Structures are given as structure tokens and as C-alpha cells.
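Have a look at these structures, which come just after this line.
In what follows, chain A forms one complex with chain B and a second complex with chain C.
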Partner chain A sequence: MSKYITARSKRFSFLIEKKTLFTSLILIFITMAIMSVSIGVGELYISPLDVIKSLTGTGAGINNVVIHEFRLPRILIAVIAGASLSLAGAILQGIIRNPLASPDMLGITSGAGFAAVTFITVFSSQSNNLTVSIGYLPVAAVTGAFLMGALIYLLAWKRGISPVRLILIGVGLMTAAQALTTLMIVLGPIYAAPQATIWLTGTVYATNWKDVYSLLPWFLILTPLLLAFARKLNVQELGDDVSASLGHSVNKNRFLLLLISTALAGSAVAFTGAIGFVGLVGPHIARRLVGSSFGALLPVSGFLGAIIVLLADLAGRTIFSPLEVPAGVFTAAIGAPYFIYLLFKNHG
Partner chain B sequence: MSILETESLTLSYGKKPVIQDLNLSIPKGEITVLIGSNGCGKSTLLRSMARLLAPEEGAILLNGKDIAKRSTKDVAKELAILPQGPVAPEGLTVLQLVKQGRYPYQSWLKQWSRKDEQAVTQALKATNMLEFAERSVDSLSGGQRQRAWIAMTLAQGTETILLDEPTTYLDMTHQIEILDLLFELNAREKRTIVMVLHDLNLACRYAHHLVAIQNHSVAAQGCPEDIMNEKLVADVFHMPCKIIEDPLFGTPMCIPYGKGRIAKNGLPTAQYA
Partner chain C sequence: MNGVIQSSKAKIAILALAVLLLAVCMALSVVFGYTDTSWKTAVAAFTDFNGSNQHLIIRNARLPRALIGAAVGISLALAGVLLQAVTRNPIASTDIFGLNAGAGFFIVMAVSFFQISSLQQFTWIAFLGATVSALAVYILGSAGRSGLTPIKMTLAGAVIAAMFASLTQGMLVANQKALEEVLFWLAGSIQGRKLEFLYPVLPYLLIAWIGSLLMFRQLNTFLLGEDVAKSLGQRTLLFKVLAGVLIVLLAGGSVAVAGPISFIGIVVPHFARYLVGNDHRWVIPFSAVFGGILLITADIGARYIVLPEEVPVGVMTALIGTPFFIHIARKGSFK
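Then we have the complex of A and B:
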């Protein structure tokens, strides 16, 4: 049993796999490393030494502005949004008991997308400026995500929620929301289209500290709550009958978990746009690394999601420099083939 | 003495009644086996006794108390059910699976108490799964996998265990292995076991108490030697057969009539044909 650490006191007791701790530490290190690189590179290259100087408050003018005003909030949003999306996917894969489930597959992201595009279309002016504050765009997106979550839940309800109904209704509504979104772009003014498309692809470009402060509370509240749910997810994944036999309230917990997942995914895409595939790929790689137990799966999924979006953003800023490519292009470029690989593997 | 009772129980799927006005008592500390033809409602009855299916009418009493009125977590400490053909998530290890059996005793801060550890180790030992603890469930053979699931229900530490066709999909060797394991558990720890089995001969061998379900109700119940006869099998399974004594155990053994190759002349098969 040397593979485990048993932590016990009067108040708590846990069995922790050493592999999980080890993997988490490595992933934290990788996240920090990419963050440091990310702060330095871009249109304006800043040497690591100057980065440290600037971060410790002794840097020069232009470096300070670039780092503190542009890159730092952007990188933090990438980390938080990536982790949130990946966690949201891990939850859905647990409640639906299918590795192909993710917030984009289930239509939650599409609900947010429809709301966001409607917002952009309705409130764009001829001069391509918004007629209301851009600050309301995340509000619209979150609302869209929650309305979609509620709609999926209501339509899937039939004396309880069965995972199969949930995914079928989800996929159906996702398609419907995407069709409506396209319709909105086609019918809307032409000048709103590029902005809508960028939102639908997902980017952390031009995020600021206000965004960070708006997104952070969601993450800080939802993540600890979710970790408390880890053991419920574990038991839920054994199937409805087994978990009910173990004294688990299947429907109540499925509702709460769906709510947490919607809140995580909805809040993330509200500030980044519909970055896709993170919620699919993150938890899946995590499963490869640390197995199926959610106590390990959740933190590792979170770190991986952060790393994926960080890398996607870094690639988007550097590969075609000085042109900026939205991070969502890169997550899709990795995610889509991965999805096909998963489909094939599941058939085999 | 009975540990589990149904009180004028009516169950239905949709509008179709499956079990009607059933009063059944499960004897404490014994092995009870439910038999019946496909779709007769034996699995439904088992599921309802484990509160996985709410009764249309009537009640299920566990130790004299209505299970519908008790907290589901409390019931989980007294009664466990292993459904038919459970599927473990990909990559889940045996230890992680068996740990789940402790769910009703845990809270989010207490997930691995000394008691949990003891119960899990004991369950792994009793099922001979200790050496497989670190293996992933999906990499095991059918028999080992079923043992892992039984270990999980054992870790739940309940006095009563219900199993829905625990030997389905297993070859003969592993069927006997699983049934022997359950038999020993009952003999050693006096746990009450209720299971659905399809093989009548094995049912007669392992059951102290046999319950034949037919036509929404119980056709016969009691010690296999007392109730098992050709008429019962004809009534319940609509199948003519000859009942003989198992040459090894002396329990009733059912030989179905039908077509087939005849190796020696003058056997009763010919009469039937």
C-alpha cells in the first residue's frame, strides 16, 4: 500500500494516491512555466529578467504597461477559463457516463453562443460600436448558458433524468442553438458578423482586469464546492442502480452537478467566447494520467484545461505574429482530431 | 424469522402490473433464491425490495420498518443490492470500486476511516481479490469482475444482500465459484442473501428457501426438496421435465424433456416426443 498516503485525524480522513500528488505538482509546474513564457513573448518580446523586474515592480514603463495591462489579465483568464471548462467537462462525463460528453457537446456553450451573438447583433451600431457597454456581453452569455441548461434539464426530465435522454436532448438543442446562431449572423448587419464569429471561436484577446475580477469569484466558489462533490461523482459513475443502492440521491445530485457544470462552463465562455474541445480533451487526458477516481480526476483535469488554453493562446499570439489567431482555433485544431480518435477507440 | 417482507405489494411498469398484492417473507440468515420465467417480474421484485423501484401499492418492510419512510443512507447500511451486469467506469481499479461500498458511512471530510479500511480489506480478502486490488476492473475476467462487485457490496457491511442474476454471462466454473462464495458468506457471517437465478439445479442446490414467481404472484415457496416437482416446473416455466435427485448433493434436479439426440434407447425422452 505504499502507493498511497493515508491522511487521518479526528475530523477528516482521506486516501491519497501518490501518483495524483506527483502528477498535480508536475502540472502546476508546467502551468507556471508556460505562464512565465507567455508573459514574455508576443508582439513585443520582453526578456525573462525584465519580466521579473516588472512583476516585482521595478520594471520599465512600456514593459509594465504590456505586462500588467495586457498580458497578465489575459493569461489569468486563460488559466481560469481553461480550468473551468475542463472541470465542467469532467462533471458531464461523470454524470452521463460517457467520455464524449462535454459542455460544447451538450449545448451549454451553444446556448451561451446564441445569447452572445444575439447581443452583438442587436446592440451593434453602424460604426461597428456597441450601443451598450460590452460589459453586458458576459451577462448575456451566462444567461444563455443557464437558460440552455434549464431547458435541457426540463426536456430530459421523465420521472428522473436518464443520462441517455440528457445527451440526446443536449445534442438536439445544441444543433438548434447553432442553427439559430447562424441565422442571427446571416440576418443581422454585416458589420456584426466578424465580432460574432470571433466570439464563437473563442479568444482571450483584449481581456482586462475587470474580466478577471468578474470571473474569479465563480471559479473560487465553484471549484471547492465541486471537490466536495468528488465522492458523489464517483458513486454516480457506477450507474443509477448501484449508486441508489449505496444511499446516493441520484436525481438531486445529478441536478446539482449539472448546475455546477453549467455555471463553470457558462462563466468561462462568457469571458472568452466559445472555446471548444477543452471540456472534452482535458478530462480525457486526465483519465489517462490518474485514472477514473474523481478525487484525482478533478484537480488534474483543471490543470490540464488551464495548460491547453494557455498553450492555445500562446500559439495564437506567436505562430502567425504579428497576426493574432483566436485561441479557439488551436483548441479546435487539436480537439477535433482527438474527438474522432475517441469515437474510433470507443467503437473498437 | 423474516428480515425482509413485502406487504400487499403491487408493482407495475407503466400501466402493466408486474407483481400484484404480494405478501412475501424473506427468512433471516438464509439464502433465498427467486426463480421464474423471463419477464415474470422476479428482477422487478428484487429491485423494489431494494427501493430502486417505488411500489404502486403496499410496502416493503426491512426489519419491520417501511423502507420508503427511512433515509436512503440508513437503508444502505442494512441492505445492499448488486444489479445485473453492472459496468465500472473505464480504468477504475478494484480498490477504488470496493471503496465505494463505504459511501453510506462517509462524508466529504471523512472518506477513509480506519473502519472503512478494515471493511474494504476484509471484503477483498473474502472474495480473494486482494491480489487484484490495483488492477483496473475492465482488465479482469468475467468471474473476477463479478467478485470485485460482490466485494463492493460486502464492504457496504449490510446484513442483507440482494443479487440480480449474479452468475449471468459466467462460464460453469465461475458460476460455481460465485455461488460457493455467497454460500460461504452466508454460512460464516450469517448474512441474508436473496438472489435471482436462472439455473434451477443450482437454485435448488444453494437455496435454503426457494420462491417461484408466476402470474404476478408467488406460485410456491419453501425448501427446494419440498416444493420442487414436475407440476411446479410445468406451471411456472411451461416446460415438461423429470425431477431426479442430484447424485452428489441429493437436492432436486430438473431434467427437461424435449428433442435431442438419444444415446440409449427406451429413455423417457422418446415418450415425450
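Then we have the complex of A and C:
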């Protein structure tokens, strides 16, 4: 029996590894399962039966409001943002050829964070309200992420990009961005401070359908683009010399991939804040599940990222209830040690 | 590598000048600030104290601030020298490696969970935090087949720093009241610190300063490479452990007093090596003095840059340090 399923037509041919397909299906199932639990559980418990009733449009008043207005958008944002961050991490790890790279380690999320905190500080009125629409916040964050990505790339350029230099510059700029963020928080009106720190830790608290509709297009455009690029990522991982000798324009590919990664991370961070370690851990687990061919790695990373953020949010809402702990705290508290464990297990 | 200054006499002369400059900076730090004071008032505050507002500010705010600035600057610079030598990594420093973040996290945890506010305990908690993150970075950085490489250690440091930073943020979100108290401290600042903050830490810092000065020969040997050092009879493990203890004392002590202040530990040792070359007999005293000068100068600048507000000095050093850091990263021949 073949290891692969072949999908072939006149225009394209596609090999799908059975193991990957199987893993993906299981992960989709797990994602769905956590989503349904997450919809029912919270400050107001709604039984699974009522959840189904409400989703099919036959539920009772209060359940409908809670599910449709609060929980569904929040859960969807968690899924999309988690997947985006994890994909962004998978790309970066491919470009840099280092399993420790991720949007947060490279400072891209710090750039987005600085832009967003500046936005909050500048446009806050005395009565703790924003003077412009919150809709511009994501624009600010994505711009920040792009500028940071561009700055890292420019500063790391010295007759081409060395992955190590890219990381070092990223780490340095991250520290600078964090210092500037602190400056904004300290100098800004004090009422903006708690708001800004909650956002910086990363949370999907209080998202609404508008957020979902603003984030979704980014994800829907970038992901197919990325999958089309998977082949190039595979070659890129062989090293600069090998991929150049195979006829790839290494720096051009690296630039495009960096751009996609920045856009994914920036758009996700815009709506959820800097949920850390998802971009680090997601791809890492994915690699252990399906190996490092990007055709398989990317989708599996996406699902895992979604699952991680969903779980972190669920835990944040329930464990210390009625206190809401931001999802980012859980991803950091669990993500970092788990990651260290993985590293040991892999390399002994 | 030889430095710009070659002869020993010139080195001594310039070191003496630098010490003088440090003294001048400290004096400037006492006289200049938001409250207008003159040199005459500053002197009178000590010789002829009359209890006026200006005298009080000079004696209770400005002088401690200058002393703490010097102590913290010296400590951070020395920690950077030791760390760069032990790891043979030009961009090693206690902030990049997460030591400062670790110490910070432990202190915030102590404040919000265990209601600890005694300064004596602060010191120990900061040492503990710095030790935990140093060990974590070392172990994480040496995992894997290729052993301890500079790049792995840097990344491991960034991971640990990010983890502690997130956890600190999370704790502050859960405990809003603590937020306002520690926010300025977290940014790294020597403003409003009383001398009582420095006293419990000072003995450890002094031990670490003297220890670093005495270690120059071992540091020079170790720089030849671990194998060469071993064959020359150096007990490299003992050396690394001792250096590690000194680094933890220096970093933990600094954070306990001033919060995490970044980039001094990177910038200063490079500048010192540029001046006097790789001989640690000179690198260590030069770094110490320049560390003090840099921190105090940055702190004076922090008072004026957005009057009437004060910028935390940690922000200033980060902004000064980043271009320099990028320069080092670009210059280095990393594969």
C-alpha cells in the first residue's frame, strides 16, 4: 500500500502523505471538540444540548446572547490568531533554520506591541475613552509589525542576509521596542497603563464579530499564498548554498517569506495582543508529529497553534474564575517549560 | 587584540582621568535636576545644613541617586565583562541572557504573592531569580549536539527573558494594585531610591567587584580557549562556577536596587576593549569606571529629555545601546 494519496489533474499534481492527512483530521477533530467545550463553559454554564440548540437557532434568549455575542467571536479569534502565529513561527524557523526562532523572539510582535500601545496612549481621552475608532488599532499594530520586520531586514542586510545576524538584530531591536513601550506606558496617562499591559500580555477577552471579520481576510489571503510557497521553504531549509545551486533566488524568497510571516503575526497580534510562545511551540510539536517537510508541517502547525490558544483561553477563563487570566500568561507559563523539555528530549 | 592606548603609563593616566570624570558626573548628578539648585547650595547642604527644601532634596534624593547610579553602573558593566569572557560571546550580557528579567520576575512575585517588602529579602530573592535564569540559559544553550554555541545561548537567553517578562506582565494584570508600585521599578530606574536600598546589597557588590579585579589572570587564560586553558593547568569548571557566582551577585544586586537596566553590560566592555585591548587587567577597571559614567550620564539625561516628566533610565540606556548593539551584531563574523 502506498504511503501517499495522489491528486492529479492536467494542471497540477499533488502528493498527500497519508500520515499527514490522518494527523490533520485528528487535529481538526480536537479543535472542534475544544471549541464546543469552550462555547459551553464559562461564567455562565450552558449544557451541550443548549449549545446545539442555540447554534441551530432554536435556543433560549440569554444563551443565544452569550453564545452569539460573546463566546463565538472570541473562540473564532483564538483559532485564527493561534493558527496565524504558529504559521508565522513555522516560516521563520524555516528561513532561519533554527528551531528557536519565532515572531516574538525576533521582535516582530514587540514592534506591533509598541505601535499599539502608542496608539492607545496618544488617542486616550481623560475619561479613559479612545478618541478615535478602535478599528484603527489593528492598522497600527500591523504597521508596527511591518516596520519592525523591514527594519530588522534592512539592518541585517550585509551583502545578503545571514540567519544569525537576522536573529541578533531582532533580539536587539526587541529590547529597544520593549523599552519604548515601557516609556509610553510610564509617560502616558495612568489609566491607559492597565489597559496596555493586559493587551501586551495577550488576551482574546472581549472580542466581537467586527474583530473576526477584520482578521479573517488576512488569514484567508495569506495562508493559501503560504502553502503555495511550501516548496520553496523546503529548499530553503537545505542551506543557502544548496538552494542557490538548485536555482533558487535565496534572498528574494527569504524576503517574501519574511513578509508573509510578518503579516500573519502582525494581524494576529493586532487583535489578541502578544500571545507568546505559540509561534515557537506550535511548529515544534508539528515537526515531531509529521516531520519537517513544509507541505505537511504548515497545516499541522496551524491546527496546533489554534488548539494551543483555545486551550490557554479556556484555562484562563475557568481556572481562576471569576478572575480572567490572559491567555498569554498560560502560553508563557506552559509554553516555555514545555519547549525546554522538547529540546532536551530531542537532543539528549 | 591591541587597544588604541598602548603604553601602561598612558593607560594609568587615562584610567585616573576616567575616575575623575566619574566623580564629576556624580557631582553633576547631585546639582542638576528638576528642582533648581546651584553648586553653592549643594556644598552648603553638607557643610551648613539648614533644613530647606533644596538641601533636603540634595541630601535625601540626589546624593543617594548618584551613589546608586555609580554602584549599579559599575556592577552591570563588570557582569557584562565576565559574561562575555566566560561565554566567549561578544553580545552576551545579563539583560540579553534573561538574568535581569528573572530577578525582576522573582521580585514581583515576592511582592504580589508573599507581601514581602523587606529590602534584605529583596536582595536574596533577586539573587535567586538571577541564578535560576542563568542556570536555565546555560543548560538550554548547551543542549543538543553542537554544544554551547553563542547563537544558541543568545536564543535561549531571549526565550527565558521573554518567558519571565510575560509571567511578570500576567502577574501584574492579576494584581492591578501592585502594578502602579512596580511599573517604574520594572522599567529600570534609580530615581527615588533611598540609600537604604543600597546598603543590604553593597557588601555583595563589593565582594563581586574585588573578585572580578582579582580574576583578571584567569580570565585572560580562559580567553585562549577552554582546551588551552585546561592544558595550562586552569581548573576551568571551578573558574566558570566562580565567574557565574560573581555574575549572579552583580546582576541580582543591581536589579534589586534599580530594576532591570539594559545594554550597559554590552556597550561598556566593548568600549573598554576598544581602548585597552583584551588584557583583563585593564579591561576590568576601565569597564567598571565607564559603566558608572554611562549610567549616571544617562540618568542625568533622563531628567531633562521630556521635562517635567522623568524617563526611566533603563529606557535611556536601551535607546543609547541599541544602535551600538546592532553595530556589534553587524560587525561580527557570524556564520
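Methods note: the second predicted complex is superposed on the first by the 336 of 348 C-alpha atoms of A that agree within 3 Å, B and C clash if a C-alpha of one lies under 4 Å from a C-alpha of the other, contacts with A are read in each partner's own complex, and residues count from 1 in each chain.
The rule is short, and it goes like this: a residue touches a chain if its C-beta (ideal position, glycine included) is under 8 Å from a C-beta of that chain, and two chains touch if they have at least 3 such contacts.
This is a predicted model, so every value here is computed, not measured.
Superposition of the two complexes onto chain A shows chain B and chain C fitting side by side, with no clash.
Of the two partner chains placed by the overlay, neither chain B nor chain C lies in contact with A:216. Within the superposed three-chain model, A:334 lies out of touch with both chain B and chain C [touch as defined at top].
With chain A as vertex, the superposed Cα centres of chain B and chain C define an angle of 80 degrees, given in steps of 10.
Touching more residues of chain A than its counterpart among chain B and chain C is C. In the superposition on chain A, contact of A:246 is made with chain B only, not with chain C. With both structures placed on the common chain, the touch criterion links A:237 to chain B but leaves chain C unconnected.
In the superposed model, A:292 lies in contact with chain B only, and not with chain C. Using the contact criterion defined above for the overlaid structures, shared-chain residue A:179 touches chain C, although it does not reach chain B.
Our summary of the superposed model lists a minimum C-alpha distance of 11 Å between chain B and chain C. The residues of chain A lying in touch with chain B in their complex are 3, 6, 8, 11-15, 97, 99, 228-231, 234-235, 237-239, 241-249, 287, 291-293, 295.
Partner chain A is touched in their complex by these residues of chain C: 91, 95-96, 136, 140, 143-145, 151-152, 154-156, 158-160, 162-163, 165-167, 169-174, 176, 179-180, 183-184, 186-187, 262-263, 306, 309, 311-312, 314-315, 318-319, 321-322, 325-326, 329-330, 332, 334-335. Against chain C, in their complex, chain A makes its touches with residues 98, 100-101, 104-105, 155-156, 158, 162, 164-165, 167-169, 171-176, 178-180, 182-183, 185-187, 190, 193-194, 197-198, 200-202, 276-277, 280, 320, 323, 325-326, 328-329, 331-333, 335-336, 339-340, 343-344, 346-347. Listed in rising order, the residues of chain B touching chain A in the complex are 47, 50-52, 71-77, 80-83, 86-93, 96-97, 99-101, 103-104, 106, 108-114, 116-117, 134, 136, 156.
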